[in-house]
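One chain, subunit A, links the two complexes that follow: it is found with subunit B in the first and with subunit C in the second.
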Partner chain A sequence: MSLLDILLILLRIAFGAFVPLSFVAVLVWMERRGAGFFQDRAGPNRCHVMGFRAGGLIQNLADGVKLIFKEDVVPAHITHKFYFILAPMLVFVTALLCFAVIPFADVLVIGSKEYIMQAVPLDIGILWFLAIVGFGVYGIILAGWSSHNKYGVLGGLRAASQVISYEIPMGLALVSLLVVYGTVNMTEIAQYQGQLLFGFIPMWGVVVQPLGVIIFIIAAFAETNRTPFDLAEGESEIVAGFHVEYSSMKFALFFLGEYVAMFVSSALIVTLYFGSFQIPWFATETLLFYATEVAVAIMVGLPIGAYFFAGWIRKNNKSHYDRPNDPRRREATVYIGLLWLMVMLVEVVLLGYLVFAQNGIADRLLVMILQTGTFLIKTTMMCFVYVWVRWTLPRFRYDQLQKIGWEKLMPLALLNIFITSAVIVSFG
Partner chain B sequence: MTETLLFYGFGLLSILGALGLILFKHPMNGAMSFVITLISLACLYALLSAKLIFAIQLIVYAGAIMSLILFIIMFLNIGESDLPEERGRWFYLAGGIVAIGPIAILMQRAFKTLPPGETAIVGDGFGGVQEVGMVLFTDWLLPFEIVSILLLVALVGAVVLAGKREVSE
Partner chain C sequence: MGAKIKVVERKGKTFFEQLYLIEIFKGMAVTVGHFFRNLRDNSNLYVRHYPEVKPEITPRWRGRHRLTLHEDGSIKCVACFMCQTNCPSECIMIEAGEREDGVSEKMPVKFEIDLLECIYCGYCVEACPMDAIRMDSGVFSVTSSNRENMMIGIAELIEPPGAFNEDEYQKGVG
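And then the complex of A and B:
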């Protein structure tokens, strides 16, 4: 193994481990500010360090500090302490492991070697995801059972039965998707979506599987135990369900696990149905061919975008009443300075690329960075859909939930398989 | 070298898990140690480059079936006090050893008759998804289709039965 090999392995593993974790902070922030936005209020925006509020992100820091310094209680009535402690770890680790097979850029070719851009370059792709999601249920069951508490057991029962039942429509929706793609390998699935349908429509999963995407997204919402399927928590009936007995960082692990799961299932939805890392109409080869033009376009476009963003910050970041030496205006000035500094940095890097390093590895690295960015932007947008749904729809009743899963989604998924297979057999 | 070490590691884990299943008194402990057995078996399959079986073992046995069993243990809330009292277990143990003895001797004979020789692990592209799929959909197409229809009927039947009871209430 050369140095480059080791470096790339480390890079990919770091991406697979740290990106979901960093996104937890973004998602918690997005959830709170999103809730504020949908309920026509500001959301948490007061916490600050030396006057810098970072749009409310500092609130996360405060929450983290609070959770770490809380007393870590294991209630005396719990007889199976091992399972009680194992459960939050299982929930968190399985959520994180699912991300390992999701590609974040096209295969990177350096010299004669190909590097698959997944944290774990497994070719069983989607099967790995299904396997690991199955283990997530253990965490919930063990948490509910070992809490030895009525609410805990009820929450665990609800969550487990919901996850188990929605795995079936999810799996069936995947079957028809796999019929279209003809592979379970995630990188190949992503590459397939770089093609064009009739020469002008990007061949994304959402275009070729319009029914499948609805079924899959509903099932994915249920799998992550989020509203409208969050009866497992049901604050009004069973307090908080399976994590009612947990405190401090053990609770935080459930909390992190929930957001990591949300990020991972968004990433999966994007990978399977919304073109993964593909920029519409710009397949990897096209991007490589026009690398110089793309770099120039970014160099021109970035300052324009930054100008409007800076204007937006200046307009919004101010006190709503008269204050001498408004500290928020000073805050905004610092943010805008940082923004322009970042823009300058990118411009310098791109200029260096244009002058010194065209045609070669640099082209491929540029494309890789662009595709990773596209993938993360798409995933963030999908996460916003999660937040959007959570603060818009009320919770289902338990029997309604099971009825939708078994009597609506499952027949629809079966129908989808038949239609897809018929179309593939007759036209493919 | 690494593969041999991994083989021994997972082999040991799977045996320990199976022992735990028999020896633990609490059902939850038994079920969890059986999960360890199933996972280490899946890893053994992966060492033999049977990737599809690895995934299926994890999805079906370790994932679906065992989580249903855990679910039932939680649902019925079985504790040690609910278990039947085992009387005369030493008597049964002795009976079991007597019964297993001849089988063990038979197995030992069978192992000795195995021809000595190097066994090599079949390389990549033996147990992958595509290769198994090719075999399933060419040589075993009819049985495969019949089994899938059977499973489909079972699935639809379960939903219909579950739905019916709700209407009659």
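And then the complex of A and C:
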């Protein structure tokens, strides 16, 4: 193993571990501000450090500090303390582990060596995901049971009933997808989606499996315990469901676990159905071939985008009442300065690339960064869909979820398998 | 009979509504419309930036109490105990004393209201025969960091002027 090998392994593991964790902050922010905007209110926008509110992101810091310093109570009536403490860990760790097999860029070729851009370069991909995700729900059931609390047990019961309703349609939707891709390896699945259908449509999963994507997304919503399927924690009827007895960081772990799970399942939906890291019409080879042009296009496009973004900041970051010497205006000026600083930094790096380091490893690194960015943007957009759905739909009853799972989604998924197989057998 | 019967159309039975998805997408289109409207320009939000922007309150609003004064500055209250008797939460504590300024026979030497007990029902205002206690001070948010400060006496009660002009207030009373 050379130094480069070790460095890349560290890099990939760091990506797999820290990106979901840092995205939790972004997602909580997106959820709370998004909820505000969906409902025509402002959301948390007061917390600040030295007057800088970062659009409400500082609120996360305050929440985190609050959760850390809260008293960590283990109620005296709990007899199985081990399971009680194990449960939040399970939820969190399984959510995080799922991300390990998701590729965030195409295979990086340096010299004669190939590096698969997954935190854990496993061949079994989807199977790993199914195994780990199925395990995650044990955390919820265990939490509900070991809380020794009526509401907790009801929450755990609902989680258990939920898991038997969504896992089968989800598995069946994946079966038809695997028939199309012919592999369970995530990187190969992503590469498959770089092809073009009839020469002009990107061959994404959503194009070749329009029915499968609906089934899978519905099942994924149920799997992450998000509205409209968050019945395990129905606040209105069973207080908080499975995490009713948890406080402090144990609660925070459930909370983090939920958002990590949301991020991971968005990443999975993107990987399986929305072209993963592929930029539409720009497969890896095409990108490598036109690397110079792409770099120039970014150098031109970035300042234009930044100009409009700065205008948006200037317009919206102001006090909505008369205030002498509006500090929010000053805040906006600082943000815009930072934005242009970042743009300049990127421009300098790209200029350096264009002048000094073309046609080598630099090309491949540029493509890798572009693809990682594309992957993260797509995943963020999918997360936005999660937030969007949460603030639009009411919660399903749990018999309704079972009915949907067993009577609607499962026959549809089976039908989908037959149609897909027939098409593959006759044309492929 | 003659009662009019209005037949309410039951929705949700057609095939497309039974599919759920189409209706869900319609709902999502509504919410995302709001989202982008607010994201584009957040002055569209339907909220008041509260501590800085105060809500407009009407003359009939029952805010913190105040004791009214005669033209010459003497207190109108004659310590008749009507408000104290009428108070359902027993938050008014009056101590009557001799009146020396010749306006009438009695006046309160102590008039305390425990704002933590008060339920702002306005019965004291209705009971008062002298129009001496009113809830038109316009103070709608009473806060304190300890219990003792929530017990207000004559000095605090006299202090705020009425927040509305007399005509507007009388309309509300009538």
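What we mean here is this: the second predicted complex is superposed on the first by the 428 of 428 C-alpha atoms of A that agree within 3 Å, B and C clash if a C-alpha of one lies under 4 Å from a C-alpha of the other, contacts with A are read in each partner's own complex, and residues count from 1 in each chain.
We take it that a residue touches a chain if its C-beta (ideal position, glycine included) is under 8 Å from a C-beta of that chain, and two chains touch if they have at least 3 such contacts.
Fair warning: this is a prediction, and the values are worked out from it, not measured in the lab.
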Would you mind checking whether subunit B and subunit C clash or fit side by side on subunit A after the superposition?
fit
The chain contacting more residues of subunit A, comparing subunit B with subunit C, is B
Tell me which partner A:Gln39 touches in the superposition: subunit B (first), subunit C (second), both or neither.
second
Is A:Leu393 touching anything from subunit B or subunit C once the two structures are fitted on A? First, second, both or neither.
second
Once both structures are overlaid, what angle do subunit B and subunit C make about subunit A, taking C-alpha centres and a multiple of 10 degrees?
120
May I ask you to decide whether A:Gly134 touches subunit B, subunit C, both, or neither, giving the answer as first, second, both or neither?
first
For A:Arg323, select first, second, both or neither according to whether it touches subunit B, subunit C, the two together, or no partner.
second
Taking the superposition as given, does A:Ser161 touch the first partner, subunit B, the second, subunit C, both, or neither?
first
Report for A:His77: first if it touches subunit B alone, second if subunit C alone, otherwise both or neither.
neither
Least Cα-Cα separation in the three-chain superposition, subunit B to subunit C, whole Å, stands at 18
So subunit A touches subunit B in one structure and subunit C in the other; where do those two contact lists coincide?
none
Quick one: in the complex, what on subunit B touches subunit A?
28, 32, 35, 51-52, 54-56, 58-59, 62-64, 67-68, 70-71, 73-75, 77, 128-129, 152, 155, 159, 162-163, 166
Complex contact set, residues of subunit C against subunit A
21, 24, 27-28, 30-32, 34-35, 38-39, 41-47, 49, 52-53
In the complex of these two chains, what residues of subunit A are touching subunit B?
80, 83, 122-124, 127-128, 130-135, 137-138, 141-142, 144-145, 153, 156-157, 160-161, 164, 167-168, 184, 399, 406-407, 410, 414
Could you please specify the touching residues of subunit A with respect to subunit C in the complex?
34, 36-42, 214, 315-316, 319-321, 323, 388-389, 391-393
